[in-house]
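Presented sequentially are two complexes of chain A, the first with chain B as partner and the second with chain C.
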Partner chain A sequence: MRHKDDMAAILGVAQVPMRTRIPEMTYPDLLATVAARAVEDAGLARDEIDGLILAQAPTATLGVDEPQYWGIAGLPGAHAFLGRVHVAAASGLSAVRLAASYVASGRAKHVLVVAADLADEGDSLRGALAQMHDPFTSGQAPINAITAAALQSTHYMATHGVSERIFAAPIVKNRLNGVGNPYAQLRKPVTAEEVLDSPVLSWPIKRLESSPRTSGAAAVVIGKANSKRSVRIEGFGNFAGAKSIGAQMVPGWTSYLDGSDVTQAAQRAYSAAGISNPQQELDFAEVYTSFSIFELLSIEGLGLCAKGEAARRIDAGEFHRGSRLPVNATGGATCGNPISAGALVRIADATAQLRGEAGDCQVEIRHGRAVVTAIGGLFQTHEVGVLAI
Partner chain B sequence: MRAGISGAAYTLDRQIAGGMDAVVQDVIQRALADAAIQLADVDMVITVASDALDGMMVPVRSDMAGGFGKSYLNIPSSAGHALMAAASSIEAGDAETVLLVGWGAASKLAEFDSRTNQFDPFYLRPLGASVATLQAMQEQSLIDQGLISREDVGLLASRMSEITWGKSEPATFCDGAAAIVLQQNAAGLIFDHIGFASRAQIPLDGNLDPAIWVEEVTKKLEDPGFIEICGQSPSFELRALAAIPGAKRTNAHGGSSQGWFGPASPLRNLAALHAAAGESGRQSGLLIDLAGPLGQHVTAIQFRAGGSHAA
Partner chain C sequence: MSGAREQVRKDPEGIEFVQASWDVPQKYHADPLLLKFFEALKEKQLLAARASGEKGRVIFPPTSFCEVTFSAVTELVPIGPKGRIVTFTILPGTTPKLIVFVQLEGADTASAGYLRGVPEGEMTSLSLVGAPCTVVFADEPKGDWSDFWFELID
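Coming up: the complex of A and B.
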C-alpha cells in the first residue's frame, strides 16, 4: 500500500443536473462547464492543470467520432492533452485510474478528467449501443445490453431460487434515495408494484429496472492532497473479463453470469488499499446500476454480503441510506445514467459524501472510507476504487 | 524507474482480407516471444484502435487483444497517448509488464473516408469540413508561407512509400497491427523523456505549421540520433522533420503517412525501431506521433538504448 502522502487524491469534483435532454448546451459546453467548476472546487487556477484526460464511451450517441478534437478546445489543460479513455461505461473510473498513475509517477501534478454524454441526439440509444456486438456472429442472435442483463437475471433467479420480484428491491431503494439528490434525473419514488408492473423490456427485466436515457457531464481533478477536503485514492482494481460466455473454454466458468469478475477487481483494489473486511471497514458504496441485477451482483461481488443475499437484505432495510453500509445513497445510475460520465458522477457523489457535503443524501461517515465501481461493456470490464478522507 | 521496450512485432499490408483478429493475435504472440515472456506474465493491456475502423466497440474485444484477466485500458486517441499511459503506469508502480496492442483496417477509407464524422455537426460539417479539406488548407498555408513546396511533399511521399512498401506508389491508407511489450528498465529502448502538447481542432492562434508544435515538445532534447516522425499527411511529416535540430537518420522506417492504419500506426514504426536498434546498436532516438487531422496532438518520445542494445 502506498504511503498516504504518495497517494493521488481527488481535489475537486463537479457535475451538472442530469436530464433526458439538455438542448441548450452542446457537448463542448457541457465539458467546459464541469471542467471550470471542478478546477474551482479543487482550489486551483486554470493554468495549474498540466494534464487533461477525456473519458468518452461510445461516440455513436454524440454522432461525432474522435470527440476529443472537438470537445477539448479551451478546456483547462487542453494544451497538455493526455488522451481519450474509452472503456465503455467504465471510462470515467478508468480515466481516473490513469490520472492517478500520472500523478503518482510524477509526470503530472494536476490532471483534469472530464466526460459528458448527450443521450438523446439519436433515435435509439439501444441502437447506438449495438456497436458492442459483432455484426457477423452476435447479429444473428437478439443480443443487446438489455437481453444480456436479462440472461444474468434469469441465471441469478435459477441459482438462488428466487423470483423476478427481487429485482424491484434495489430500484425502490435507489429511487427513494434520488428524491433528495438535486443532480438526479429521476426524483420521484416508486413502489415495488409499480416496478414489477412496468412494461417488460426483456423478461425478467422491466422498464423501471433499467436506468433512464440520460444526458449529463462530470469532471474530477486529480493531484496530491492539498487540503482537508482532498479525498485520497487508496487503491484501484481493474479486471477485464470476457465478452462471450464460455470464451475461456473452461468448463463451469460462469464469471459473466455470477459476478465473480467484480470480486476479482475488488480483491485487487482491497489489496492495494489494505482492506481485509469491507463490511466493517467501509462507510458506503457507490456501484454502477444500469440494471437492477448489476447492483445485486456488485454488492455481492464487493463482499458486502453473501451471494444470493443482496436483495433479501435490501428488503430488510440494509444498504439503505440510513443503514450501516448504504449503497447508492444518491440514487445511483437508477436515477440517471449519462454513460460516459456515469463513473465520474459516482466519484463526485462519493467525494461529497466523504467530505460531509452531500446535503439531504448525507450518510454517516465513521471510517472515512468508501468504494466506487464502474462496469464497461456487457458486464465485462470492472473498475473498483477505494477512496478515503 | 524508467519504462522500456522488451519486445515488439508488427504486420502491415495494403489490405488484409478476412478481418483483423488473427493478425492481432499473431503480432501479440510474436511480441511476447521477442520479449521472452508469456501472456500470463503481462499484468496490464492497453489497446489503441478506433471503434469506427473496427465497426464495433474496441473495449468489448479486450479479450481478443490478450486482455482477459488483466488490468485494462483503451486509449484510442493516439499511440503517443497510449505509450505515455503505459510508461506512467510502470513508473507509478501500477503495472510491471504492459502489453500495448494497436490495430486498424484503414484501407476501406480509400473508398469512403468516414473521418468526416470527427467534425462538429453545427459549424464545421455544414462548411464542408473533412480531414482532406483541413489537410489541404494546412498544406496550402505552408506553401504560401514558403515553408514547403508541392514538389517536396510529393518527393517525401514517394520516398516514404519506397521505404514502406518497396515501391513508389504513394497512398495513405492500409491495414496493420502492432504489439509492444513494455517493462521497467527493459533490455530494449528505454523511454528517457516524453514531451507532449496539443492544439484545438482549428488552432486558436491560427498557426498550422507542425514545425512549431514539434519544436515545443522537443526543445529539451539534445542531439537526437535516429528520428521517426509519424503523421497522416506527408506535408506535416515534412515540416516536423525540418524542426528537429541535428536530425541525422530520419524516417528510416517510412513514417506513417504512406502506411497509416489508424491511431496505432506509430506503434509499427516503434516496433521497427526496436528491431533495428538491436541490429545496429543505435544509442538514442526520437519517435514523434502527430495525431489528429492536422497533426496537432504531438507526442515526442526520446529513447536511449537499454541493456542488451547498449554499446
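Coming up: the complex of A and C.
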C-alpha cells in the first residue's frame, strides 16, 4: 500500500441547502458560492488552487449549452487547467477521481471540483434524457431513467421471490434520516404505506421511491493532506458496463439487472484501499439512491449483505443511522438529488461524518473509513470511493 | 442555436423568469446493418449481427462493431421469432402497457419491446419473468420498430 502522505485527500467541502428552486442565484453564482466555501474549508487561499474540474449532468436540463464557459469566470484554478466530467449523476465522483490523480501524480497541488444544478428552470427532464441514447435502437420502447429502474426492480422481485412492498424500506429509512439534515430538500418522514400508495410511475416504481427534482450545488477541494480534518482517498473503483437498456447490452444483460456492475467497481476500490471485509472495516456508506432499487443493489454490490437481503435487513433495523453500518445517514438522494452535484453532496456528507461534524446526522466513527458510490446514466457508469480519516 | 425566443412570464411568487427554448434540428445517420435490419422487417424477418471468431456473439439489434471482441461486424443472421422474457415493467394509464425485455432465440443480447395480449389483471404476475414469448409482426410492416411486438406462447 502507498504511504498515507502520498495519497490525495479531501481538504475542503461545501454544499448549499437543496431546494426545488434557488431563484436568488444563477448557475455561475451557485458555482462561485460553493467554490469559495470549499476553498475556505480547505484552509487555502484561492490562488493556491491550480486546477478546476466541473462535474456536469446532461446540460440540456440546465438550459445552457457548454455551461462551463458561463460558469468558470473567476473560479479558483480555472487559470491553470480546466476539466469537465460529464457522466450524468456519476460526474462528481468521477471528477474527484481525476482530481486525485492530478494531485497524486504531482501535476497539480490543489484541484477544485465543483457542480451545480437549477432543476426548476426546465420544463421536464424527459426530453433531455430521451436524447441520451441511440435514436434508432432506443425507439423500440420508451426506455428512460424510470422505466429502466423499473425493469431492474421487477427482475429483483422475480429473482428473490419478493413483492414490491420491499422497495419502501430504503425510502422510509432515508426520509427519516433527512429530517435531521439541514441541507435536505425533503425533511418530512414518510410511512411505508404512503410510499406504496403513491402513484405508480412505471410499475413497480412509485413516485415516492424516486428522487425529487432538485436545485443545489457542491464543491470539493482535493490535495495532499494538510490538517487533521483532511480525509484521505484510499481507493477508487469504476466500472462502465451496460449500454442503455433497450439496446444490446455489453457484454450481456445480466450485469445490468443483477447489480454486478456495482460489485466490479466496489472490488476495484476495496482492492486499492486494502479492504477485505467491508462489513467489518467500514463505518458507513453513502450510496446513490435515485430509486429504491439502486440502494438495494448498491448495499448488496458493496458486499454489505447477501444478495436479496438488503430490504429485509433495513426492515430489521440495519443500515439505519443508529445501526452498526448506516447507509445514507443524511437521507441521500431520496431527500434531494441535484443530478450534477449529487455525487459531490455524497462526498461532502461523508467528509462531514468522518470529521465528526455531521451534527444531528452524525454516525459513530470507529474505523475512520467509509465508502461512497455514484451511478451515471441508466445504471451504466459506476464509481466507488473509499474515504478515511 | 436557432429558434430561441424570449418572453417574461408571471410567477405565483412574483419571481421573473426568462423563457427560452432550444430548437436544434438533427439528422442522425443509422448504422448500415441497422438499415438492413429495418429493410428485413418489411419481409417480417428479424436480423441480428454476428461477430466473427470463437466469441462471435449474436447482437440484436445489429451493430457494425462488437464491443466484446473489438472487431468489425459484417454478417447478418436471422434470429427468433421465439424468445424468453427477462424482465418487464408496466406503464400506467387508461390502457396500461407492458414493456418487456426479451432475449430472442439465437441472440446473445436482450432487447426491449411491447408485450401485447396480457389481461390487465395479470400484468403484475412475476411468472412473466422467464415466460416464453414470440415476435408478432404487423400486417403491413413499414420498416421500423412499430412493425413488431411480443405475445406470450405456451
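Before moving on, here are some points about what is shown:
Convention: the second predicted complex is superposed on the first by the 379 of 389 C-alpha atoms of A that agree within 3 Å, B and C clash if a C-alpha of one lies under 4 Å from a C-alpha of the other, contacts with A are read in each partner's own complex, and residues count from 1 in each chain.
Simple rule for what comes next: contacts are C-beta pairs under 8 Å (C-beta built on N, C-alpha and C of every residue); 3 or more make two chains touch, one makes a residue touch a chain.
For clarity, every value in this text was computed on a predicted model and none was experimentally measured.
Once the two complexes are overlaid on the shared chain, A:Asp65 sits against chain B and chain C alike. With both structures placed on the common chain, the touch criterion links A:Thr147 to chain C but leaves chain B unconnected.
Of the two partner chains placed around the shared chain by superposition, chain B is the only one that A:Leu98 touches, whereas chain C remains out of contact. When the two structures are aligned on the shared chain, A:Val200 is found in touch with chain C, with no touch to chain B. Residue contacts after overlaying the shared chain place A:Gln380 against chain B, while chain C stays out of touching range. Looking at the shared chain after the overlay, A:Asn226 reaches neither chain B nor chain C.
By the touch criterion defined above, A:Gly106 lies against chain B but remains apart from chain C after alignment on the C-alpha atoms of chain A. Residue contacts after overlaying the shared chain place A:Met132 against chain B, while chain C stays out of touching range.
Comparing the two interfaces of chain A, the one with chain B and the one with chain C have residues 63, 65, 135, 247-248 in common. Across the interface of their complex, chain A is touched by residues 45, 50-52, 55-63, 67-78, 81-82, 84-85, 87-89, 91-94, 114-115, 117-122, 194, 196-201, 204, 292-293, 297 of chain B. Within the complex, the chain A residues that touch chain C are 21, 23, 60, 63, 65, 121, 135-137, 139-143, 147, 150-155, 157-158, 161, 199-205, 245-253, 257.
Across the interface of their complex, chain A is touched by residues 1, 13, 15, 17, 20, 22, 28, 30-31, 34, 57, 59-61, 63, 67-68, 86-92, 96, 99, 101, 103, 108-114, 123-124, 126, 129-130, 144-145 of chain C.
The part of chain A that touches chain B in the complex is made up of residues 2, 26-28, 54, 58-59, 63-66, 68-70, 72-74, 78-88, 90, 94, 97-98, 100-102, 104-107, 131-135, 236-244, 247-248, 264, 268, 376-378, 380-381.
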